[in-house]
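Listed next: structures, encoded as structure tokens.
Look for chain A in each of the two complexes below; its partner is chain B in the first and chain C in the second.
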Partner chain A sequence: MSPTMTEATVVTLKIDDREISARSDQTVLEVAWENDVFVPALCHYEGLGDVGACRLCLVEIKGSPKLTPACAIKVVQDMEVITLSERLQKYRRSIIELLFAERNHICSVCVSNGHCELQWLAQKLGVDHIRYPYLYPKVSVDASHERFALDHNRCILCARCVRACDEVEGAHVWDLLGRGVDTRLISDLGTPWGESETCTTCGKCVHICPTGALFEKGKSVAEMVHARPRFAAMARVRNNSGR
Partner chain B sequence: MTKEIMIDPVTRIEGHAKITIQLDDAGDVSDAHFHVTQVRGFEKFSEGRPFQEMPALMARICGICPVSHLVASAKACDTLMAVEVPEVAADLRRVINLGQIVQSHALSFFHLSSPDLLLGMDADPAKRHIFGVAEANMQIAQDGIWLRKFGQQVIERLGGKRVHPGWIVAGGLAEPLKVELRDAILADIPEALQRLQRTLAWFKPVQETFREEMRAFANFPTLFMGLVSKTGGLEHYDGKVRIVDAAGKIVGDNLEPADYATYIGEKVENYSYLKSAYYKPMGYPDGIYRVGPLARLNIIDHVGTPLAEREWVEFRELQRGVPLSSFYYHYARLIELLFGIEKIQQILESPKILDKRVRAFAGPNRSEGVGMSEAPRGTLLHHYKIDESGLMTWSNLIIATANNNMAMDRGVLQTAKQFIQGGKVTDGALNRVEAVIRTFDPCLSCSTHAVGQMPMVVDVLGADGRLIERTTRN
Partner chain C sequence: MTPEELTLAAEKEENGSRAFEHIVGVCTSTACLASHSDKIKKEFDAQVKAKGLTKSVRVKAVGCCGLCAEGPMVYVESQADAEKAAETRTYAHVSNEAVPALVDSLGAAPVADLACDTAQPFFTRQHKIVLEHSGVVDPERLEDSIQVGGYQALLNALTTMNPADVVDTIMRSGLRGRGGGGFPTGLKWSTVAKAVGDRKYVICNGDEGDPGAFMDRSVMESDPHRVLEGMAIAGYAVGATEGFVYVRAEYPLAVKRLKLAIKQAERAGLLGANIGGTHFSFKIDVRLGAGAFVCGEETALIASIEGRRGSPRPRPPYPAASGLWGFPTLINNVETFANIAPIVKNGAEWYAALGSGKSQGTKVFALTGKVKNTGLIEVPMGITLREIVYDIGGGPFDGHTIKAVQTGGPSGGCIPEAYLDRPVEYETLVQLGSIMGSGGLIAMDDTSCMVDVARYFMEFCMTESCGKCIPCRVGTVEMHALLTKICEGQATMTDLEQLEELCDVVRSTSLCGLGQTAPSPVISTLRYFREEYLAHIEHKTCPAGVCSGLKSGAVKAKEVVA
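Let's turn to the complex of A and B:
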């Protein structure tokens, strides 16, 4: 679902009682962000197709009793969106807490400490303790790749790496295997990353990872600063030249 | 009737420690032990982690000497990478390690031990803390607080955060030294030296009034172990292992840290979780040795900085051979404080210290690595094994307190025998038993109790194990 040049109309909608105009092919999340309205998100990444995996971007749409992921719904004329409410904050906090409880996050010794989107959001949303029992799964670190490593302890299954590798690099090394809490990120259908025949060692997945799950080998605590790749710009250039 | 007295200090960092004193029918001491009843499984939970994470992970072992663990761990990682860290990085690691030693020694001497030294072993327990010291001698208390802060600031200025700095990494340092930070540290040196010399001038005559304690505080022949520099000088960061006997004669020299298993044995006793380390060639328990400030001053040929050198010459004249009483740990700590401050100055005054090359990069190139350094409390060793991709498969740590374990155990017995007789157990006697442990400054006693008293429960148990009497001290 990368942005294309198909015809779009201009619509007007309300976000938190603010009149906003947008293109009809944009998602609520995109429009909110464009207008400096804060909506938390982890799996969305500009320039990649949305999958609605993290559910952090939930918003309320007037007229609908359900909460809707803002990244998965397009704007329509006269839509009224609420991005901030007690109910939303409660769900968002719960989601963050569940992400922490699901794997083993020890920020103080993490390569991404201080540069982590999960950690940042937890602080931003005021998550100061976890109400759910930690699962403490026994998961491994794949350090077989020459330059990079994958630490499943810190993976939140956002699939940003999967899409970056597939949609932008075109290598499709990564996939998600399994369901629910047992889901694991796998490379080349389950071979160690270091033995992958498709990985081009471009590093896109590493730099797009919101957490310390994918990192450059040799990095010490807090040293993994992700250079966020500008995929949206790349996609625009590609689409233009493709015409 | 056989009685058992237990001193059970509550502590949070390294585990819980307890002293048990066994009385015989006459009420005299028949046996005594120092126990560590809890351990934290750092060795276990590092399994499977990338080795580069180890320094930061290991720094969490101890809230008081994180830098020591960082240094020993980083050195083990350097070996795994098969690199030599840039010279300036080694020097800066040396400086931060000395900052740690200054900080920790100041805490041990002023905050924990000076109440006993200034107010006496029999003083009111309610007064035996740094505030009591301040009441009796404001200058000493102020000097102590200032010197500890100086050490902390060295760590903070270099490592960023006062506790658990992340500056030391596998292969060297994360960043070179900033000129303004160097200047800030150097600016404090003259005052640090002045305050320390004032403390020494006060302490030396005071020390003489503790003859009885000197005789009984773990005053027995043991070996002494530690690192020495290439020229046999005082060294805390690098160097080779030297072991001397009670007469000061070298029994092992130029020993490679990596070969430690050939000369250090580790024994597990059923009364403590803490392993007892011993010198292998002499077997267990004859291979009993001590580490730490006293040991370091006993093994060297010279110090390497002028003021500390002069003090050390005086120190070595205290006894033929080498000073044996653990009471001298206090004096040794002050001399090392002096050395630390002088050495920090020496290193930071070198113009090359601002060099930008402070890190060697490499992947895992060896499957096994050992790092050894001198922590405030003595020789510290980290030994790691990794798999092909650099993930930890095994580790072993020998912490300073384990090196001193046998000597502490025996010291408790000696002191208890001297001060507990005929079933009379006074508060002063128990304080002395505790104080002998405090001379070694084991992590367990000092880490969280900056006010200077180990809170403790004293249990007097009958032969059948029944609790006869309990006194609690906070």
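Let's turn to the complex of A and C:
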């Protein structure tokens, strides 16, 4: 294959003025989290390919005029990363607010209340009210599957479910349809989930969803606790790489 | 074809044309076709046949000559004879009914009513390199292109230069990407040339999604061989053997002509295996896009060719390192490729001598808006905006004044009248809060409301956002709502503050260029025309009288207090 595979080397870099060592095949986000540096993220999930979509993990990298998504940039020797600044925090709050304004996130009636990554990040970043007008789109709930349901009102289009189903389960049930604010998550080619011919009912998408968009039927308010799958560990075992 | 055979073919075609006393060229590109110029061509054919002139008059279909607003356009080229010097006549607004008179006028006095004055600045102030053969050659005949020197640069490069020389020539020419960003083309080529990969690709970006832009379409429709030749030279320079032209499906004529041109060139041994009898092979295919603005963004375009959803991905890695199917890929704009053959032919120094500052060569613009002459123009870099608007464009309509010029489409900005004496250069336009862009140039007069203009472009970005990243997907909708509120006279100063805050968020945090530049029209109009926003907000007045429901007319200067 074409991409030239180079051996990973050990590099040292600075994150928020802290000297840190890392492997050159790691992303800034991985290294930051490994070292207990808080960087918010929603579309990243350990063990899945990164897409750089949510923009919450943006950091400043010295020498680069633009902000960089920590999940989509590999560490390099002598890199200097800033993960916390007034500007970054402001943008992170704005992005969270935009998500809340986009669809219908009424936590008090949500199955994931208390177990939601969006809610947790909002609290952590100090988002206590939404300045932008709510868009209130008319979206549906797909409850056609025997065990699970999809509530588009809570979907933040992070595409974690899409990648989990495609990259790990190998079924590729989920995909995105349409563009802009009209983008919707679809199963198969837009058929109801319950009629999907590819879904194996493995539940990976449900447990990887950061919000209450995908949930197990029968769960009431605040009862949907995610059993976060450990894809990275699974992959390590499977490849026996033991790194 | 070997280089010798190519020269012979060109001579043969030249002699063949000389056998005709008159050559009638009828524009059959999209704009003139829309006024049924294909029928006019047929009528010429019929008339020439009926009058027994087939031996002395050749009628051919040609591409766009630029003055689309005056179409259908026809030109007549007459050979010199004992009595007269050679001359070329150009006719505008030609109809079917006028054809007999035009045929009768061959060798006699021109049809005065239809004559188009080619001494006017619209023609004389232009400098054609990219478009030099547009409107002259029949885009569906390879021989026509060969007659005017087509593929000579390619065969010269293959037989007398090594790839590094070609890269060096492009580097020294100072050519910069015409797709909007202005990245130095030679530098990009050398990066791809140096990249390691089992295979490499060349992609020509013919997506052209800017509203109102038709530069690339015109080049592809009027002179497709020029684009293909540029791609093949690029393939040789960077070490690629396969190329794709990505064209939006809404350009059926461009697609048809490109496909035909590829077939013709392959048959003549000018594309495909062992080009010109050398060891170099280069194959080109056409790929259709479904017409999404974002598919012009290079990583989305590549995803689209690969058969995936057309949404951008973070860079690095850049396509030069990892592009189509993970292989090093050179991606350039149509107009960029159309500049290659003349540079290779005439030398880097010739090209570098044209233009000003760090902007060399010429730029094609689609001039539209509130000026008398609209159409496709090619001007030397460094020309002032005023020359474009007043000389070439003929200035504003009577009784009106030019207020601003918009360049760069939804990613660009509005430059006010006071700065029209600035030169057209990449850096200067950025300083003024706009960009060169891919060539949209809209003149605005006192009847244009700048808030409405900003809202129009925001609506475009909102509907064209791919929806992948949050700030662009939701931010553009929120900004559009705020701009609408201002236009409707419902907004407060808090809304304006929020709009400015969102401009900053969306620009700084979006994934790709679409989101990063979506706020530009708002930022630039706020920079130069803030008083118009304030008139809408504080006085419920639209100074240009565009926004319905608001008072129109000027707000007295002292009433506007920021």
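As a convention for this text, the second predicted complex is superposed on the first by the 234 of 243 C-alpha atoms of A that agree within 3 Å, B and C clash if a C-alpha of one lies under 4 Å from a C-alpha of the other, contacts with A are read in each partner's own complex, and residues count from 1 in each chain.
Just so we're on the same page, a residue touches a chain if its C-beta (ideal position, glycine included) is under 8 Å from a C-beta of that chain, and two chains touch if they have at least 3 such contacts.
Note that the structure is predicted; figures quoted are calculated from it, not measured.
When both complexes are overlaid on chain A, the residue A:178 reaches chain C alone and has no touch with chain B.
Set against each other, chain B and chain C touch different numbers of residues in chain A, with C touching more. Once chain A of one complex is fitted onto chain A of the other, the partner contacts of A:53 are limited to chain C, with no touch recorded for chain B. Using the contact criterion defined above for the overlaid structures, shared-chain residue A:222 touches chain B, although it does not reach chain C.
Within the superposed three-chain model, A:157 lies in touch with chain C and out of touch with chain B [touch as defined at top].
Judged by the touch definition given at the top, the superposed model places A:141 against chain B, while chain C stays out of reach.
Comparing the two complexes, no residue of chain A contacts chain B in one case and chain C in the other.
Contact residues on chain B toward chain A in their complex (touch as defined above): 48-50, 52-53, 55-57, 60, 164, 166, 169-171, 174, 361-363, 389-391.
Residue ranges of chain A in contact with chain C, taken from their complex: 1-4, 51-55, 58, 66-67, 69, 72-73, 90-91, 94-95, 98-99, 101-102, 131-133, 135, 156-157, 175-176, 178-183. Residues of chain C that touch chain A in their complex: 196-199, 292, 294, 309, 313-314, 316, 322, 325-328, 462-471, 473-478, 481, 498, 501-502, 505, 508-511.
Residues of chain A touching chain B in their complex: 108-109, 111, 140-144, 146, 149, 151, 194, 217-223.
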